[in-house]
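The two complexes that follow have subunit A in common; it is paired with subunit B in the first and with subunit C in the second.
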Partner chain A sequence: MKYGLIVLCISLVFLGCTQEEELPIYGNRDYVKKEVNGKTVVDTVFHKIPPFSFTNQDSLVITEALFKDKLYISDFFFTSCPTICPKVKAQMLRIYEKYADNPNVLLISHSIDTKYDTPAVLKKFADKLDIDSKRWHLVTGTKDDIYGIAKQYFIAAAEDPNSPGGYTHSGGLVLIDKRKHVRGVYDGTEPDEVTTLLKDMDRVLAKQFK
Partner chain B sequence: MIRFQLITLLMFMLLLVFMQCDTNPYKQGLALYEQNCQNCHQEDGKAVRGLIPPLAGSDYLLNSGQVACIIRHGLEGDILVNGKRYNHKMPENKKLTATQITNIINYINHAWGNDLPYIPYNIIDEALKECE
Partner chain C sequence: MNRSVYLFVILSITLIMGCGANSNEAKLNKRVSEVMAIHDEVMPKMDVMVEHENKLKALKVGVTDETELGHLDRQVGQLQEAGELMMSWMRKFSMPSAESGQSFEETMKYLDKEEKRIIVVRDAMNSSLEEAMETVKNYKNK
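This part shows the complex of A and B:
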């Protein structure tokens, strides 16, 4: 009897652990006061990806409107990158292939080499990878816009003449939900982290796209 | 005295058993591959579909002299691998010595189910001199 109680207590503790926590929302949050029915309530405003405008491999203008009500993955690269990019692209292909039949999932790769990577160069790169430009956008834009949006995704990117290829950047893959909140940043050079990303994508999809 | 000999023999046998555990004979090749090749050709040797040619099951590996030259000097332009055309610039690796390139090639030739001949140092060294 005594032992039964102990076993029960222990199993309760373990049961408590199995509940999955929700994915966090990244970034600073603001607290805005507003009046609701004469009472002051504090509203939390989360970090959101702001509007953007870039050009993709088909020379089409791509804005945030295209990603409305979609879950998407964002990363930064350049086509002549001799270091981590091919590794990250191989992982992006994993994501691209897993969600081939899911119209709610999109990918966007921003080139940080805005001088060399014209839409024509991006088109050639996309053709080699044999990817559908409706699902995976390779984009270019002005230097300020690209480096500006990188910060919004919490990705470090910079020109650096001392780095191989002339640029330095992180190989992070960013998970953005349908409310444009960043829900996770994963190391795209680590296949295990991308496995976690795939699981997290499934969680967000199950929650937001029922 | 006999006991001492027996113990020595036993230790020796144990040492042999442990040495058997070291199954990968291409350790340096693997380490060099991880440092110099893996970013693009990947851990599984399958590289990046359509963009960078695979090393796993690649018919191009039959010409090890050519492979050695590409490792050292990089490659620009078309390359045909398993009947598929690839065109993506590969960087040069001027720091790698002939011995290191030999080790990389022998690792690749025996990794991921590849079953290609062992290539001795002098063959690679000569090939590298040809493509200087």
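This part shows the complex of A and C:
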């Protein structure tokens, strides 16, 4: 009995030590009252990625509906970018390849060069990367819409000074869960950061896609 | 010529040539960093520029005075033009590489030219943004 108690205590301590902290949910939160079984309870409403509509490399209109119940990674780039984009694309390819057979994972890259990066240009770029347009969407839209949605994704930068993605074209990769919550922003130019992102993706997948 | 002297001369030439190539590479890298530093300094301002473009457009709502409308339109145009200048610079800029077949001197000349261009872009971005910020601030204080 005495030994059993010791083993139980050690196990609890061990479990406590190995339990990973939950990934944060970024952005403002609202508290709303609602009725549940005749009782008034306070519910927390977290920041969500709002509806959007863009055109992808196949000239198809892509909306938030496509990302319903998916975990996805979002970033901002343009095809002629001389500096950080090639580094970030190499890291995005790592993510793309790791989850090649996972239908719950999608990628979306928004071009900030809305004038030059037409669907045809994006198509050529996608062909060069040799990616499947059903899993990795390279999208274009109006300048207002692209910069507008970027603000929604990089919400983390506003509240966490250590978070990358302080501005749209900074190489930040954003992790969005199946509830459209921003769960992390990572520096896409740093392979180590992307390794962390891959681990975090696994954590969210394990939790939300059992 | 004595064989060892001959060997020494060959070795020295190889070393000097090797050092020359290395120092050229270092010079090129330094020059590229200098040019890109100007780009990196202003690129983050693109977001603020788009934000101010929208603020200026919003200020136009309800304005009937032609001069005032013209003033706001001109500033929106300046922001758009400066943003497009940056995008256009980035589209055309080609990062020096060994495959380009250009000599060291040619590449250095190219980088000098690109530095002048990106300075023009930087100044256009800074001045259009400063002007827009000032206008937005003045409207708030009205």
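Here is the rule we go by: the second predicted complex is superposed on the first by the 177 of 210 C-alpha atoms of A that agree within 3 Å, B and C clash if a C-alpha of one lies under 4 Å from a C-alpha of the other, contacts with A are read in each partner's own complex, and residues count from 1 in each chain.
In this section, contacts are C-beta pairs under 8 Å (C-beta built on N, C-alpha and C of every residue); 3 or more make two chains touch, one makes a residue touch a chain.
Quick caveat, the model's predicted, so the values are computed rather than measured.
Participant: In the superposed model on subunit A, is it clash or fit for subunit B and subunit C?
Facilitator: With subunit A aligned, subunit B runs into subunit C, so clash.
Participant: In the overlaid three-chain picture, which partner chain does A:112 touch, first (subunit B) or second (subunit C), both, or neither?
Facilitator: second
Participant: After superposition on the shared chain, which partner residues are touched by A:130: those of subunit B (first), subunit C (second), both, or neither?
Facilitator: It touches subunit B, and subunit C stays clear.
Participant: Per the contact definition in the header, classify A:34: touching subunit B only (first), subunit C only (second), both, or neither.
Facilitator: neither
Participant: Is A:80 contacted by the first partner subunit B, the second partner subunit C, both or neither?
Facilitator: Both subunit B and subunit C are touched by A:80.
Participant: Examine A:199 and indicate which partner it touches, taking first as subunit B and second as subunit C; both and neither are also allowed.
Facilitator: Neither partner.
Participant: Contacts for A:68 in the overlay, against subunit B (first) and subunit C (second): which applies, first, second, both or neither?
Facilitator: neither
Participant: Looking at A:210, would you say it contacts subunit B, subunit C, both, or neither? Reply first, second, both or neither.
Facilitator: Neither: A:210 stays clear of subunit B and subunit C.
Participant: Once the shared chain is lined up, is A:90 touching subunit B (first), subunit C (second), both, or neither of them?
Facilitator: first
Participant: What residues on subunit A does subunit C touch that subunit B touches too?
Facilitator: Subunit A residues touching both partners: 80, 82-83.
Participant: So in the complex, which bits of subunit B are touching subunit A?
Facilitator: 38-40, 42-43, 47-52, 86-89, 91
Participant: Looking at the complex, which residues from subunit C come into contact with subunit A?
Facilitator: 36, 39-40, 43-44, 46-47, 50-51, 54, 84, 87, 90-91, 93-95
Participant: Within the complex, which stretch of subunit A touches subunit C?
Facilitator: 78, 80-83, 112-113, 115-116, 143-144, 147, 150, 166-170
Participant: Could you please specify the touching residues of subunit A with respect to subunit B in the complex?
Facilitator: These residues of subunit A touch subunit B: 80, 82-84, 86-87, 89-90, 93, 125, 128-130, 164, 189, 191.
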